[in-house]
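This report refers to the structure that appears directly beneath it.
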């Protein structure tokens, strides 16, 4: 039964034929190999290896707008969860995808989101194996929310943890910071800003594999999502019990992102990214890690931004100007300010 | 207080409401140019730099004054460098 | 960024710092007996911490962070009044992001929003105006907050609303002025300031002559400064040179932006829309004569105080500053944030007691964010 | 830093300290063993066994009201996903829990939901090992949505699939039908109906284990959620390619549920359940399966409701009256009707 | 359930079925040449399928499903008008769930809701009234739909609204009456009906005498029936007995609920609030004289047609029934649903072409849901 | 059409608006009793059964009539059973 509705109605959530048609036509038939099942049954040799561990993570994605320059909610739902697995040293294997859909959502939009997810999953080498759809009344959600969970396998011998970072380790990021956050700020429209910035959204599983081969001593990695680089470094410093020093000069920042931050009084260190991570590696493996990153498109802009240090337990930044300041955790979100 | 940022007027968007497009490092936002509009047509503002605050171009930037300030700072920098080099030379000579 | 990055050149900074050191030494400023320079403007406070100038500068120069953050000096009663308006049926309350987290006596705007008030952050009063155009059945109130830099923008927005005959736009006016509190500070017998960094963006509106009384009546040097690090250092040097040379003048470091007589269009708009209140309450400083603006009767239709009968147009409740809050002392330069007994204990950015801990312009928040908090922890 | 707010604000979603405090105090500290991590690393012997398969499933929970007689959204979020694993023959091991929270939500409500989840997870023998929180603006979601994903292990030799059901197999349900759906209808308030019915919400993992021991030949099971027994049987009939006949007389229905259905013109066969399943077992294992179910509180009311048959491919019901009717899939949700 | 389950006793059913078979045989009814009994009411159709009575009954008795489902006979133009009202700014459109999926010419109410119209399902017109009380700034429109059973409830709601002086409540009146279409059917030259099962709940309002013309003028037997399976079987037996005995009378099987003269309060409320329209359009049947009610001018303030200028008070567009739709023939008993060329092809419950496929009362939907669809598939 | 269901009036909830609580198999809903109210106080309705339709008690159920109908049906059932037993006896006797 071909879906003839242009928009999702409550009937599509009711557990009957309309729901089955929506799920089959818009979702399961698109995810390859087809058959996003209510429950997936899976086998992977890597998981059976002695000493291998299973990695399991989840995130809900609620981005507004749902489609933005450089991506859409489906792209970040796949990349974000792949990245959460990857930064833990896991090879991502399988994703689940649960959709909460507002009554009235255009079915064409759902198709585009699902197409993005299928494409990104394929590129990232993961399979979307199970899923769910719920339809809620108009006004009960904001278009579409996607929650993905990811299962991966951590090969025996791989141990990544923020607590392992030690003074001397070098912090590398894989490209310019804040593009995603700045894109979303502009795309929301309420600030009436426009720019050519696009989200940095990207899956980093392959990149992490390459980094771990090039720098097997890598200690920890973190994707730089909510709260940006500043928050990730603070978390790592706290877990590691040592200081981290970064250099403002070294921070890769696009002029437009800096411009937007200047206009709104924001600090790009706290802007969200969806395709950026920081990895801490022993100093003698830093070059190898850098080269491995730069060999991939999503790591082209990789640079060393700082290192773990003794003597204090803060995140400090040497300003381009030669001064030093402390980069603390924020309380909440950064708010645009005028003074 | 009073976050302000230099932006360049790149287009007039609404002559009657005195609105123009300002650009800061490739980021654009419509701003009011009421405070910096002269007698003439607004198009005269295009290309000029202004200090932008809460969506208003508040003051045109005086490029000569900026250059003067920079020059003074530059001279000071050069002088300081010369001084340091001299000091370094002295130190080297003194075998420190 | 043109007209910005050029003023961040480390080489020139080095020279300025060296020259500052030379002059500071010359006038005998030491760590124990420093020369006190107040940067009036919170934006300058922000730049000082952002670029670490306080650490770089000669130890005989001490920055005193002035009252120039409009959010920090906002009394709790005014936040309560904002919330009272915002919670009215049908109101869309618009504000700059800065005011969202400032605590009122019971809650902040961000908490009132969570409880259901329709509160929206805007970048510009023009955006509030646009909201009013698009929501004719709602009353859109803009929280007019700020010094003379921001005052013209709300005045122009009100003039525009008046031209368009908008019935559903009003401004809750809390605009304040810079010279009056400076005068109040200078009249304070505990005052220990040796010179001022003048607020660059306020001055682009009002020009530099409103500060003449500082030099003429109080014999203190002042340099109106830009916000880049070289601007600030150069201004410090200008002030130090005045001290060294026994001068007290109003100098303009920021001539690229600040015209001597300010901006005539802005001044005309302010004069048209606003008049001075007899006095206005400042958090930590109390009532200061003629330091606040209100909307003239001719524009009463756009005055939220009149429309809602709140604020100075309504019943005003006296609200003491919270117990143990040293904001007043910090803002007048009599105390450093870390010396406030509440700093980092009863007062943190998560749960601010005083306003100086809320706004990122606030001296206490700046100390905290840029490491003061941990410095304190480490010290204990 | 103790959480002093009474309600969630946008600051709690901003990636800073407010968020960390919320997550630590309200979520991770409650789930036992503590430490719902951003990424969980897990090992289970059962997974390493040759021939064992991993089961993976997800559901979003969007129930209104969030708390209702007999449960809350947290309870169904744990039970629902445990049940999806269990009906596939998997032993449930780990859950993820992602929360989408509307600005303004009472923190006390979140605490109650999390407490329920911790309790239900413990009772069901699963661990909530990873999670996420997102805060959305007022009006951008309806209070709280919870998405759980579940990972379990299907022991070697266990193969449950609707396609395996064959004529002669007996259909057993574990208790009265429709209590959850009727509870929610009444609890929403807009129909102004009141009754003493409570949701049937329950985790069925232990029950399924017992059933599989008692009836190792069990073919397939389905939890009777959206669309109720009627939809589950239709799915099974379609997958199995045979007919299913049930007897109206045999259907376990509470008088109040029947009453509510009569008032609203609904059919209890389509009402949602959150603690009910149907399992198909070979006829000679039916008594054993029944006894196993009845030995557990969540299976006390277990009865045989019908069987798979040859000769047609429909779901048919013999009415109490002696007639027969076809029980088809609905198109959308059942709507209350007056005529 | 008291007064319900007792009337589902299989033992008594067996007896009734045997007796029906006996009488049917006596009058020579066979599968090939059956006796045609029309159950006027969709509720009876529903019961027949729910209990499988059509399969249990003697093969010489054929049920013809009548036009007694108010949703099924609703013309597409009226659905369009509902949507037109529902999409007006500020309107809360309330309806029984039955009408949600009925297709208009472009969309159904459920689709209009998805597109943003504020459409809410209610159980009772009293709930719509309560919504109006709670939302004084919104206009709450109730979709008044149904035969004489439902008509008093909307009349009473309007009287209540009038007593309370509610300004924001109105009814979009599409109430229709049973006797007139029956007369139209009986006047149809293709008519082949031998007797009627009378609508029990309509009759509890209007009593049994409005059917006198059926017996007196057209000499057809009729038994007013309840909705439990024994009620229906007993009524069939009553009709068969009349046929066997050559009688044509109005009998009342449902005396426990249906008073001979109906309900006086209800009848008074109807008379007070409504008057007959000259004619009203029925889907599949066309215009039928005096078959619809409208709100009297005295209650015009509660008449959505007047308030919004739609429906019979507005510009009416002619909308043909969709191509190939045999609803009219099915509803008049001239065709079985499975014989409609669209049944299960262009017309399914997912994508209904005709109204009979939408409502679960609709004969086509009932055939589909209770297996007709698959019967057809199997046959093909 | 016209879904109706017998419910028992268990309480008067609003005398002036003629509202009462009706109960169907333990499920309660407030309904209007305007159509079934007599001259006397509404409390006389308590305990009575009524046919409920869209939130209105439309008709009081006549328990005598119900009993009469049931009795007739019952008698028919008994008769039928007797008939069948006789038929079964005949068949047994006939050795079928």
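Each chain carries a letter (A, B, C, D, E and F) given by its place in the written order, and its residues are counted from 1.
Everything that follows uses one rule, which is that contacts are C-beta pairs under 8 Å (C-beta built on N, C-alpha and C of every residue); 3 or more make two chains touch, one makes a residue touch a chain.
The chain lineup, named per UniProt: A, D = Hydrogenase assembly protein HupF; B, F = Hydrogenase maturation factor HypC; C, E = Hydrogenase maturation factor.
This structure is a prediction, so every number in the text was calculated from the model and none was measured.
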item	value
Common touching chains of subunit F and subunit B	none
Required minimum of steps from subunit B to subunit E, each step between chains that touch	2
Pair of chains with maximal C-beta contact number	A-D
Chain separated most widely from subunit E, comparing mean CA positions	B
Chain located farthest away, centre of subunit A as origin (C-alpha)	F
Inter-centroid spacing, subunit C versus subunit B (mean Cα positions, whole Å)	22
Between subunit C and subunit E, centroid-to-centroid distance (C-alpha), Å	72
Whole-Å gap between the CA centroids of subunit C and subunit F	78
Centre-to-centre distance between subunit F and subunit D (centres being mean Cα positions), rounded to whole Å	37
Residues of subunit B whose C-beta touches two or more other chains	1-3, 5, 24-25, 29, 53-54
Sequence positions of subunit C contacting 2 or more other chains	1, 4, 14, 42-43, 69-70, 96, 101, 110, 123, 127, 146, 150, 349-350, 361
Junction residues of subunit D - those touching two or more other chains	9-11, 17-18, 191-193, 255, 258-259, 262, 265, 331-332, 337-339
Chain pairs in mutual contact under the definition given at the outset	A-B, A-C, A-D, A-E, B-C, C-D, D-E, D-F, E-F
Complex interface listing, subunit E residues touching subunit F	1-4, 6-7, 9, 11-12, 14-16, 18-19, 41-43, 68-70, 96, 123-127, 146-147, 149-150, 152-153, 156, 160, 199-202, 204-205, 227, 230, 234, 253, 255-259, 263, 265-266, 269, 361
Residues on subunit A engaged by subunit B in the complex (per definition of touch)	186, 191-197, 255-256, 258-260, 262-263, 265, 337-339
Subunit D-touching residues of subunit E, taken from the complex the two chains share	1, 4, 8, 10, 13-14, 42-43, 49-53, 55-56, 69-71, 96-98, 100-101, 110, 120-123, 127, 146, 150, 229, 349-350, 359-361, 368-371, 373-374, 378
Residues of subunit C that touch subunit D when the two form their complex	101, 110-111, 113-116, 348-351
Parts of subunit A lying in touch with subunit E, wherever the complex brings them together	1, 4-5, 7-11, 17-18, 21, 103-104, 138
